[in-house]
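Report on one structure; see the data block that follows.
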Amino acid sequence: MNPLVEQLVYVCDMFGTAVFALSGVLVAGRLRMDGFGVMVLAAVTAIGGGTIRDMILGATPVFWVRDPLYIWVVIATAFVGMWAVRLPRRIPWYVLPVADAFGLALFTVIGAQKALAFGTSGLIAVLMGTMTGVAGGVIRDVLAREVPMVLQKEIYATACILGGILYTLSLQAGLDRVAAMLICMVAVFTLRVAAIYWHLSLPTFSLERQHQD
Amino acid sequence: MNPLVEQLVYVCDMFGTAVFALSGVLVAGRLRMDGFGVMVLAAVTAIGGGTIRDMILGATPVFWVRDPLYIWVVIATAFVGMWAVRLPRRIPWYVLPVADAFGLALFTVIGAQKALAFGTSGLIAVLMGTMTGVAGGVIRDVLAREVPMVLQKEIYATACILGGILYTLSLQAGLDRVAAMLICMVAVFTLRVAAIYWHLSLPTFSLERQHQD
Amino acid sequence: MNPLVEQLVYVCDMFGTAVFALSGVLVAGRLRMDGFGVMVLAAVTAIGGGTIRDMILGATPVFWVRDPLYIWVVIATAFVGMWAVRLPRRIPWYVLPVADAFGLALFTVIGAQKALAFGTSGLIAVLMGTMTGVAGGVIRDVLAREVPMVLQKEIYATACILGGILYTLSLQAGLDRVAAMLICMVAVFTLRVAAIYWHLSLPTFSLERQHQD
């Protein structure tokens, strides 16, 4: 890959890390956690998915041990986040979900790429991309004692799965890596933003067949 | 091991994976999860225990990255399961628990075997067998926000522990691997089915000593 | 390191393992778990933090697979603990928290030391020390379906962080390893005992700004 593109991906990766960390800060704030709890929730949300991916692939030490900048970004975001929520709110509500959709798109493609670099099949690459995107949020919700949101509604993980499939298919069709990345990211981002805008969600599956309350 | 036996074990392993995945599907159905949530609960139940085992042993990439057929079995089971629960129920209630007991027996022996192949002591092999059998169900229950059933009642993990001990003792006594496997599996399966049939469970341990309600 | 010091650290490590296991036994008792559940909660509390640390660093097989004495200590503690709680209570309330503070101090320094031995930066060593000290308790609380105590109040993880920072700074300042260990352990232990004695805790962070109930 072009070194300039690589640097751009790296910068975006840090931006995605910060956005995901912020979503952990907000959950911690709802639970009246202390400063350490805020850090932990910010960290698991931002780097939890990639950590599990690396442990499953055997890519150890995991990415943030090799490059501690991820941890500094999480720490900085937690401090800024704790300070910023005390301000009168001025940012429009859709800024955070849209930034999150961008982070999700990037994390998906990075996860799928890392799996393929380890020689996995396309199916596993799609799985690893999805895991990189959503597993951090699942751990965050478990620590916050909630049934993970991503398992219950909204097109969130589905966007990752589709993006991952498009990415591996594009590579198999002979496209170059940057084009495949863009296709994947545009797909995840667009689908996710559309889901937010039109409140799309997957049908839920239930054992009772008669009534839904 | 005889290649025919090895193939038989492989086929049984896939059957056990499907049965465990189905138990994840049923829990997801109680919680009104969407299709992705059903997949996740099916997957963690079926392959979660083996994944943790492989990460602890350092057997990475973990088994299902090397052989994605496990993932295909989980996906197929999730789809069939979601469709099948809509049918009027015709299968007797004991079919699933008995199939589950078979899966538990097989997973225990596979886990213990893999640990021994990594040169661990007998104690660790028993632990790894038990973990392969029960850890997936524990993660499933944590995601479903329940205190893991296996920690509270019924002879479930206990069957794995006894089976694992019998397996390592049989090998140390000089029995060949197939005989040791059969002894272990028969023990786990019988004990588990007996526990279901007679509602056996371990005494629970409580800090209060006077009354039990 | 002096072999005598090394042996002393090993003995203390086993003592810390037992104390942490006992705290798992007590939580299991509140939840009326069976004998297996008690074992699991004792084990995750005592060895969970170190296990995650080793998986993240790639130090696999993890420490207790290499040295199963840790598991024997957990099993023995679980049995002794289940028997001891039935006795009329004679030990003063502060014995357990103080023993726990000692275990926390030791686990922190052992975790930081192992990370540095793997060539990580100081930041990651502080993180790994803290994780070794607190992650086991977090998993215990998740299994017990509680929001992890350590995320909500009291100076617990904070003591680990400060201890880890002192340890890495001492080493960078050229102190020998035993001196750095002692400084770290005294700091963690003192801060933790002071927090227990004066009921110190970090301010909690909340999204609501007006009232606190």
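Labels A, B and C are assigned to the chains in the order they are written; within every chain, residues are numbered from 1.
We take it that a contact is a pair of C-beta atoms (placed from the backbone, for glycine too) under 8 Å apart; a residue touches a chain by one contact, two chains touch by 3 or more.
Everything numeric in this text was worked out from a predicted model, so none of it was measured.
Student: Over half shared or under half: which fits the residue numbers at the contact of copies chain B and chain C, same or different?
Tutor: Mostly different residues.
Student: Superimpose the Cα atoms of chain A on the matching ones in chain C and note the rotation angle, 0 to 180, in steps of 5 degrees.
Tutor: 120
Student: Report the inter-chain centroid distance for chain B and chain C in whole angstrom, where each centroid is the mean of the CA atoms.
Tutor: Computed value for the inter-centroid distance: 30 Å.
Student: Of all the residues in chain A, which ones touch at least 2 other chains?
Tutor: 55, 58, 60, 142, 145
Student: Can you list the residues on chain B that touch chain C in the complex?
Tutor: By the definition above, chain B touches chain C via 55-58, 60, 118, 120-121, 123-124, 127, 138, 142, 145-148, 150-153, 156-158, 161, 201-207, 209.
Student: Which residues of chain C touch chain B in their complex?
Tutor: 26, 28-38, 40-41, 51, 55, 58, 60-62, 64-65, 68, 71-72, 82, 85-86, 142-145
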